[in-house]
Structures are given as structure tokens and as C-alpha cells.
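Input: one structure, supplied below.
Chain naming follows the written order as A, B and C, and within any one chain the residues start at number 1.
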């Protein structure tokens, strides 16, 4: 019996390790490739990734995928971090934009989530359902009408054209409604009996209990904002104002070593944020399902 | 007494509404108004004239073979991808749940794909699945025929991409759901001599059913998002097997045909409205049952 | 409440902001009536404003604008031009969002290969002004000055929604001596069937030679695809009736053209050549292909009229150059439009946009063979003649070329995806891997879906 349990454990472990490899491989791939030289990358993947037709003679017919750099090089990092100050500038700009959007969205979601989770008013469920539905609209649909609205509000060309719609996304409210629902009503009533008003209750009772849910919102919202391409491209109308994500999507495959390093650069803040909030995020996502 | 109770409820309702108001105004401005514009356009003659033409545009789009194919493929993809991700993530969650403490590190691994920027994901998938890519290299090495991963087999690449990106997210949600099942239920079942299978089907699955609906909604949202990777990987006009509603809409966007785009959006919205509305109403009934 | 107010104002706004300035077009019949029958007398040119907003991507557009803006400034010194230079992706996405939103530039100088990928479908979306009333109201501008066959490509359901700006014809160069040796007459080069027969005969009697060469034998295989694309395009097959959203591809015509392209057969030609010959060919100057009798025609479709180098060489070396437009399946010539001009319905400064359009269509720009038309051909009939004559050979043969260019009766703004469909579905037939009808069936299915998107 004990032996059977042990083999079961080993099988579980093996399956989990295999699955983890599948999941981690691309991340590992990005990291090791960022240390390869441009030549090595072109030699290995030129045939499928190179968009230029000029260097026909140099590109081999086969591709040669490998994980360990043969001639490790920091040239890519040099190019991105030191030779082109642009990227770092954009990096901080992006960080600022994402921070503003995430902060605003979190505030709005805390209020909205509290209202949806802990109160009843006529039409509430309908409004909630509408919100969840609007969350699913694809970007191409909202791009043109959003332009019309932003233009009416005279926001085209300013950062508010990116920040305000970002703040008002339905995702946060949806997530925090789920999270707040998991807090027992008895806790809130106790606070109210102690004489706390609604804002105090939210600030001192609900939010501390939902720290995890808020952390998950911060991370997931940050990821979305960090990867945004179309909205800044169309609404900002000024290359100097563009965030890093646009540059990242424009590097394409013309310069492979730069593409990999920029991938790392783009991954970094999300990864750090994720590691920082890891424990909170795990329970955070759990809580939203607990409701 | 009754009077007092009623006014308290009214006061409560007003407070709740006020809490949700900022979120609702934001949503209204940047989602409801744009969607209203979309609906209006879908009923107009052309961009230049706001002449009302009723449902003529809808008739045109519904007649379109491309739209029908897109709808069919989208349903097919949803039909395959949603069960796949739910089952896969549930299985992994069950595996991890057997001994959570020991396997805690794997939980971190499964959320890793969320961190990678879109362009890096695309770069990796290009290397793995292009005609000369890694997978075909391995297949040929094993003496099998190379497959056309950008053509006939693209459906599977898209599925793998979606599963790869989102399974980790769902695993954590399922773990949370599993945690919410009271352990004494299992103990009681063990005393009754119930086996592993019986415990799963009689206790676990029914208990986590309400959570599953929330996970399904999030999965659908993520499914719509995964099409962004699909454009970059397979282009605007991919193989007919993966030509989806999103392609139909995006191509009309490219051609500046906002009328057709908005009709497509309105139809998609209608379908999601019915499906998600159904889901949410089921959820609300559950809530009512618990009270 | 705020939301509701905004909703109402936005809904009201999006209608009025995109309203057309002219009301006369309302009474226009919207199907198949030739545009000349319509009365535009009620139309007046839009009112005067003091700015002109133009967007430019990284394309040759900026070169064209650079040349045209000083001319415009000279004519209208009081008008301020706001030229916004953008990156490619930004340019394309901005156009796609702003034009449907009723905003954007006052005039678009577009291409069908990049920004507006299927112009006909964009025309169907009715985001551009009908230019017919402008033309009718402006005595300075006459459509008769332009190549009719090309200009008509911009008409959709009777409305002239885009105006072609430049094109790329398929010009073949050879020598009269070579033609005589092969017993080919001038008439053989004006009819598609006879042209194909001539090429077929040449291939049969010269196993190691191409009937048409661009020096392509020295490039890797996928570059030869370009020639396939050109042959498909310039044979003038009609694929779609965009106005009725139907596929009009004719099976027999497609078969004819495919069989013609099959004659090209690089694999067979290359196998006939010895390694030594190939090496020799490599060292040969491109212009010598005709003089050394390495092919029947030298094609310069990717070059403008001013770059007919082969013609120079042929003339210099003592032979008589012959330059013709490749005949298409309907008889005259077919060409590809690469730039076109349109005025968005939501434009704010339409009069200035129209004025700028006239500058672009004027002799100064159309006839600028050094910069603007260095790799394209103009649509202005006078300019075509001027550029050809400017080459210093104002002889009869050049007159004939100008004449056949101006007689071009079919023009396309070829969407890139159409070529991808052709390549993917017809290549297996061209290489002999698949039967024609099977390929044709798949292609038709794909085209049916595309046109109905």
C-alpha cells in the first residue's frame, strides 16, 4: 500500500516536471538567446525569421535550434541598454503609464467591486452582466468609436487618451467583485456596529482582507497595459510619446539579437512585479474563485 | 418597523449605487458609448451618411460565406479549446492538490507564460512551428513527414498556443476551488468506503461547479485575446481551418469597412450576450440557493 | 447622466462630422450608369480654408510630397500645409482608425500593396468622396488628359472614388534583328494568343533559354516567383466583380495564362544549361541578354520609363530596339496601379485637398522622370510622351511605345493577398504536381470567401 503510494508520487512528480518544462522552455529560450550574437542567431534562424531578402547567400537552408549559446555575447544588451538610450527612456515612460493606469484602475475597481459585491440595488445584476460582456469586445470593434469619443473629449494626442480608457476597463471591477464576495458579511457588520462608515469599512476592513485579490489585479492589469500596442499607436499621434511596447512590436525580426534582448527588457518589470506579489497573487486568484 | 427596514434598504441601495457609479461612468464613456456608436453604424447606410437602413447590413453579413465560415470555425475552436483548457487545468490542479506543500514551486511555473510579452511568444512559436522549424525537424528526424503547421495544422498550433498561455492561470483558479471543498466531506466518504473515482464525481466536481463557471468566463476572455497572437503568426488571411470571426472583423477594419465590422461585432455580442447571460443567471440562482 | 449626454452627442456628432459637403450626389443613380451621364451642375467646389493636412508614411510618398509641396506653396502661399511624417505602422493604423471616424488627413496618397490593401473593398466602404463632381466643377482639370483605361479603375458604382496617380506597365524590350531571326512579326506582339504562340515556339526551339528574362536566372528560385506574379497580373485576367461581390474568374482564361506561365519552366531551362554556360551567363551584363541572344524579350516592368537601359544598349550596339507593352488577354495592355489619390469624406479642407491633387496630377509632377516617376510611369498622357522623348530617341518606334502605353485598357490595384492565393493554389499545377481543375477548384473556393468577406 505504502509502496503503491510512493510510485504514485513519483509518477505525479514526473508528469509535473514534464509539464513545467513545456511551460518554462520558451522563457528559458528567450533568456539564453538574448546572450547569443547576431551572427549566431542569423545563422541559426535566418531562413525563417529574416525578413530581408538581400542577404540571400548568407542564409542557410536549415534552421539550427539550440539552447546554449555557442559564442556567448553581450552585444545585444550593449545595443539596447547603452548604445540606444531610446529603449531605456521608453522603458521608464512605459512604467509610468502602466503605474498610472494600474493605480487608477485599482481605485475604481475597489469602489465598484465593493458596490457590486456588498450591496443590492435594482438593475445591479444587469449592469454587472453588461460589464462582463463589454469586457469581451475585441479591440478592432472599439478602436474607431473610441477615437470618436476621445476626439469629442479633446483627448487625442495626450496621455489621457490612453490612461482614462485603461483605468475604466471592466476587468478590475469584475475581479474585485468576485474577491470581495468571499469576505463574510458578518465581518462588515461588525465594523459597522463599531460605528465605521462605508468608506472606513472599505478601507480598513475589506481592502486589507482582499490584499491578495488586489495584488492579482495589479499584476494582471499591468501585464495588459504593458503589452498594449494599437491604442497608443493611434491615440497618441506622436512618436516621442510612444511606450516601449510599440518599439518592441516594431523591431520584428530584422534584428534578432535586439528582438530577444528587448523581449527580456519587456519581461523584466512584469517578472519582478510577479515575483514580488507571487504569494499574494496565488491566493489572490484563488480568492476570486472562492467568492 | 417595516417602514424603517424599507428605508434602510433604500439607503443601502443608494450607497451601493454610488460606490459603483465611478466605474459605471467610466465604462459608459469608454465602452457603452463606443458600443452604441458601433450599433448605430451597423444600422447605417455607409460611413458618410447616417441614413438608417434597418437590418440590411445584417442580412448582407449573414449571407456572406466568409462570415458563416468564420462563425463555424469560431464555434469549433471554442468547442475544442474551452473543454480542453478546463479539463487540462483541472487535471493538473488535481495532481498538484494531492500534496500542495511539496509541489508549491510548480504553481509558480504554471503562471510563467503570462509574463512573456506577445512578440516574444510569437518569436518562439515561429521558430518551433514554421515549415523548417523545430517540430518539423524532430518529425523528420524520426522518419515522419513534416507537417504544414501554418496551413492545415494551424488549428492545432493555435490551440497549443492558447493552452500554453492560459492553462497556468486556470490551474491556480481550480486549486482555489478545490481548497474550498470542506475536507470532512471526503473523510465521511472514506468512511463509507468510497473510492477515488466516486469521491471525484460525487463530491469534488459538484462542489466546484459554481467556480467552474467563473473560470469559463475568464477563459472566454482569454480566448478572444489569444487571436492577437494568431494574426501575427498566421496573417490576415490564414488557412481556412482557422479563419475566425476575429479575422473577419480585422480584415474589414483593414479595408476601412466599419459598417461590416460593426455588424460582425453586434452579432458576436448577441451570441456572447445569450451565452454569458445564461451563465451568469445560473450563477445568480446558485447564490440565491445559498442564502 | 453624463454618459447618456455624451452618448447622444457622440451619436449625433459622428453623423454630422462625416457629412458630405455636396448634396447633389444624393440624386445620383448608384449602379452601373456611366459617370458621364450624371449631372453635377448643382455641385460647387468646397469652401476655402487656410490649411491642408497630409500624412506620410515612410514610403515613396514622402519623396512625392517633398516635390509637390513647394509647387503648391507657390500657387497658394496663404495655405498652411501640415505634413505629418509617421512610421509605417503608425501611418497605417492611424488611417484605418481616423478615416472611418470621420477625421484624418485631407487627402490620401495610397498604395494597394501596403496601406489600403484592397482598395476596391475600401471603395465599397464609401469613406472617400466622389471626385466626379469636383472634376465637373473645375474647368482646369480634364480627365481626357489621362489614360482612360487606367483612370477608370478608380470608379466604383459610378462614383470616381480614387484617382490613379502612377502605374507600372509591363514593357518588353527586344531587337528587330532578333525578331526577324525568329520570324516574328509586329502583329504577333499585339495579340495575346499569338504572343503565347511565339513564346511557345521559341521555348521549343531554344531549350536552354527563357522567352522572357529579367536576369532572373542568376537569382535564387523564389525570386522567379516575381515573374510568375507579373505574368499573372499583366495577362489581364479579371478575378472579381467588386461591385457585385462576385468572382468572375474565367476557367478557360486562367488555364490559358497558367499554360503560358508553365512555358517559363525554370527547372527545364536550367537543366539544359551546362555549368560552364551558367557561369558565363553570370558574368554577362544584364543588358547583353538580347544582344547575345540569351532570351527573346527583356522585361523591365519594375523600372520606370526612364530606365530602359536595355533599349540604350541595343541601340548603341547597332541593332534596332523594339519596345512593346505586353499584350493582355483582352487585346490591349494591362497595368498595375501603384499609387492613387483619394479625398476622405471626413476631410476638413477639401478645396485645398483638391488643389493638391491637381498639383500631383500636373505636368510638373507627372513628368518628373528624375525623382517622382523614376521607377513608375505617369498616368498623364502628355507626361508619358515627354518622358519617352526626353530619352533622346524621338523616333517612330518610341511613338509607338507611347501610343501603346496610352492605349492600356485595363489597370489593377492588385491586393497582395490575391497573389498569395494564386501562388498557393496554382503553383502545384505549374510545377506539374496537381491537376488543373483540382487547383482551380481550391482557388475559386478561396476567392469566393475573400470577395464575400
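Here, a residue touches a chain if its C-beta (ideal position, glycine included) is under 8 Å from a C-beta of that chain, and two chains touch if they have at least 3 such contacts.
As the structure is a prediction and not an experimental result, all values here were calculated from the model.
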Category of the chain touch graph - line, ring, star, complete, other: complete
Chains linked by the largest number of contacting C-beta pairs: A-B
Separation of mean Cα positions, chain B and chain A [Å, integer]: 16
CA centroid of chain B to CA centroid of chain C, Å: 43
Interface hub residues of chain A, defined as touching at least two other chains: 143-145, 148-149, 249
Residue list for chain B, restricted to those that touch at least two other chains: 24, 29, 32-33, 36-37, 41, 253, 258
Multi-chain contact residues (two or more partners), chain C: 6, 10, 14, 100, 102
Contacting residues of chain C [partner chain B, same complex]: 2-4, 6-7, 10-11, 14-15, 18-20, 95-96, 99-100, 102, 116-118, 121-122, 124-127, 345, 417, 420, 445-446, 448-450, 452-453
Chain B residues touching chain A - in the complex, by the definition given at the top: 9, 12-24, 26-27, 29-38, 41, 92, 95-96, 98-99, 103, 106-121, 123-124, 126-128, 130-134, 137, 164, 167-169, 172-177, 179-180, 210-211, 214-215, 217, 220-221, 224, 227-228, 246, 249-250, 253, 258, 261-262, 265, 268-269, 272-273, 276-277, 280, 284
Residues of chain B that touch chain C when the two form their complex: 24-25, 28-29, 32-33, 36-37, 40-41, 44, 46-50, 64-67, 69, 236-237, 240, 243, 248, 251-260
Chain A contact footprint on chain C (complex, rising order): 6, 9-10, 13-14, 84, 86-87, 89-90, 93-94, 97-98, 100-103, 219-220, 223
Complex interface listing, chain A residues touching chain B: 9, 12-13, 15-16, 19-20, 22-24, 26-27, 29-30, 45, 47-49, 61-63, 65, 108-109, 111-112, 114-116, 118-122, 124-125, 127-146, 148-149, 153, 164-165, 167-168, 170-171, 173, 178, 198, 202, 220, 223, 226-227, 245, 248-249, 251, 253, 259-260, 263, 266-267, 270-271, 274, 278, 281-283, 285-291
